[in-house]
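Letters are used for the chains, namely A, B and C, taken in the order the chains are written, and counting of residues starts over at 1 for each.
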């Protein structure tokens, strides 16, 4: 569509040899536009953090204080018990969550990037049909297929716990990772690959030496998605692992919903505790969003 | 750049290797068929709070009584998407049942019985001598076509009103007053309303069904109430309509944000003095205790007006699934939970009462003692909202109809028709 | 023939692992689900073969689609999806746009905007239930109370406690959770656009707004498509979110996924399977023509 027009409109192919300034010069003078932008960003931070405020104050409240009527109030008495209790309940399973989430995020990201590459830059007759078929996997209503899936996994003899969950997160991650990579690679001018083809580079070689290096922004968004999704998954966890060999969401659910009289304070402490590892991942991966990434890596 | 990509790829390969090794190391674990009786996987919803304390106490007794059997905790909390029940159904369906699982005693088991997924345990009742240890009324309610399919571990009472005496006094009411009928109660509710407080606090749909069942019991009486479940009482009749009108009137006394609350939030309103009354099962006692409240100065409790002398029961029980891997061990577990020691240890910690009448309950709480007394002497009826009176499919339909009615999406006649349809056929 | 094989062969080989896995774990299971949906397996005894099951064709579908409450669920899903999509796309894009130019504290803002994604609703759903409490005036709590504190009383509303439009309020936590991810997608898209495209446009004398409108936005359309599909599929999977804030029986917040859950827990496997297939069909009807259309445009 228009994307192609824009790059064809005399802007030329973007080859690996083109050097571009890595960081755009920033203007230091005061401007109304920048102040307004900053104010808007602060406003959105406040909106986003409003529910988080309630989570945090509730996590420090004792029984009887943690109620909807006192949601906005600071704790009558600041107690640490909830955090200690949540840590004790969740700590053993946090390690297992990493063991599940890291491999599944990385493997499915690689599968997705290969699929996306083939389906956007090395297309063949019927490629769009194949893409549609892959994409459709995203929309599978999990609840409806849990019984046959359970039978399938039992029949295949996949051990419950970490191996089963890695397998499932990889498989059901393929559609979304393929989608993100395919659509990202479509923004890359086709000339890039054509040039490599003319040079006689094979499909894998082109992928390896030209496509992968410029894929980092995509890897970042895919890894964020897969990491978070697998980290917060509850349905697969409850079906294919137990509290002895399962991820943190199982422990969190047992902590929050295991008793008829729900302990809101410890639930909130647990929810916040379980959200810290993904947050760290966002901060680490977020580094790669910073300025002129594509050009930077091309230059290196 | 090349260095960076190979680094990422290397990490991917390492992860794959890690996944494969964890595959091979975990593989033998699953095939631990071992000698029968070596372990028992017990599937419960008891994963936190007083339920977990009760389960821990029970496991303590189990380890003393059966030191050769290893207890495997299969606790999966309900809540959120309630994937726990989904999991249990799916495991049974896929032919991979736990060795024993927790279920509400009574009609909730009917589906598993129809599907031939749970075994008849009446022989165990004879072996363990349970027929005389449980009240006859209870054994009758558990018997289906002459067979019994589960062993109850604990009993709860559903038809209890919890009230805040300070709110009542402020509204000009005598906290010690007794209400023999719903109509007498309405007068009191009106007075609270006039004082500006919420007369009756209520929460989300299942608590509304809970209230509905106690109103039906109060308005219809024991026999007609029991007839609702076996088809002897007509759901389309004028008696039921009268009961539903009383229910509608009660709803008008409640807080409008009910659908957004769960039961502890509604009970909390009574604790905080924002509402006068709350109808909830006797697990609400734990909420008052948790807030350091004492009866009768801070809170009082009595049977729902018109249900004095009736014990609206629900019970947790354990089953023997067909095809369980460790059947002998599962029977050991059933022996422990039905023993006097097991029932005393479990119920004291959980705050419920033993199904056995001969368990040692001298150190139980004041409320528990009163409930034990009532359980032994009152007429026992089955709870609808908690799976004792009707199978899951019917209960789900009742819940849907009730929610439609209380949100104003249907009127009283449509409500009654939908309820009748739920129990037709 | 041989020539085409030569072209399609290697790409298909690269796609093969994904295709085989998805063939089994998506299409195999969907077939099993469809098979269940055309039988009359409406209770536990039939599900285990204790009582006979018959093939009834599309009877379950007709029954479902003819029921008032299921139509209510479909309408709710439509409302929810529209608001959810519009909200996340608008906010996510605004954030990406605000952050496109490097600025101080960029990493901080990015991490904050992404943070809601990390918070599992398993435990924190309670807080949203508190925030979206329907009481107003004297008994107000949650957001309504916050509005009173801020002097914005006119914003008070019953949130999801409304039979017709209540579901829209449930989209708020969903938007809160996923806007950050849409931002990340667009941000990666922005950063993936070669700098010389911007430079060339500036040299041509394009204003900042023209630069975005004529050069950058068109480049982003494949990314926008990714975002739309991802958010769209999340809306079908919003079951967990709805369950953690509302309850399965609450009429205000019924959607097909909730109906599926209730059917399944009632041992009515055929109706549950039919709901699953209906959901998938809706997706197909919406997504497939769009994919075909964009594919045609690209090939032109």
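Side notes on the structure shown:
Keep this in mind: a contact is a pair of C-beta atoms (placed from the backbone, for glycine too) under 8 Å apart; a residue touches a chain by one contact, two chains touch by 3 or more.
Keep in mind the model is a prediction, meaning the values are calculated, not measured.
The interface with the largest number of contacting C-beta pairs joins chains A-C. With centres taken as mean CA coordinates, the chain nearest to the overall protein centre is C.
Taking the mean of the C-alpha atoms as each chain's centre, chain A and chain C sit 15 Å apart.
The centroid of the Cα atoms in chain B and the matching centroid in chain C are 34 Å apart.
We define each chain's centre as the mean of its Cα atoms; on that basis chain A and chain B are separated by 38 Å. Multi-chain contact residues of chain C (touching two or more other chains): 122, 129, 133, 239-240, 261, 264.
Counting partners per residue, chain A has 68-69, 143, 147, 234-235, 253, 255-257, 262 as the residues that reach two or more other chains. Those residues of chain B in touch with two or more other chains are numbered 79-81, 86, 93, 261-262, 274. Residue ranges on chain B touching chain A, taken from their complex, read 1-2, 4-5, 8-9, 11-12, 15-16, 18-19, 22-23, 26-27, 29-30, 45-52, 73-81, 83-84, 86-87, 90-91, 93-96, 261-265, 268, 271-272, 274, 283, 286-287, 290-292. Within the complex, the chain B residues that touch chain C are 79-82, 85-86, 89, 93, 111-112, 114-117, 204-206, 255-257, 259-262, 274, 392-393, 396-397, 399-400, 402-404, 407-409.
Here chain A touches chain C in the complex through residues 1-7, 11-12, 14, 18, 20-21, 23-24, 26, 34, 37-38, 40-41, 44-45, 48-52, 54-55, 58, 68-69, 71-72, 111, 114-115, 118-119, 122-128, 130-145, 147-149, 152, 168, 170-172, 174-176, 178-180, 183-184, 186-188, 203-204, 214, 217-218, 220-221, 224-225, 228, 231-232, 234-235, 249, 252-253, 255-257, 262, 264, 267-268, 270-272, 274-279, 282-283, 286-287, 289-295, going by the rule given at the top. Across the complex, chain B is touched by residues 63-64, 67-69, 99, 102-103, 106-107, 109-110, 143, 146-147, 150-151, 154, 157-163, 166, 208-209, 212-213, 216, 219, 234-235, 238-239, 242-245, 250, 253-263, 297-298, 300 of chain A. For chain C in complex with chain A, the touching residues are 4, 7-8, 10-12, 14-15, 17-19, 21-22, 24-30, 32-33, 91, 95, 98-99, 101-103, 106-107, 109-120, 122-124, 126-131, 133, 141-142, 145-146, 149, 173, 176, 180-181, 184-185, 187-189, 191-197, 200, 214-215, 218-223, 225-226, 229-230, 233, 236-237, 239-240, 257, 260-261, 264, 269, 272-273, 275-277, 279-280, 283-284, 287-288, 291-292, 294-295, 297-298, 300.
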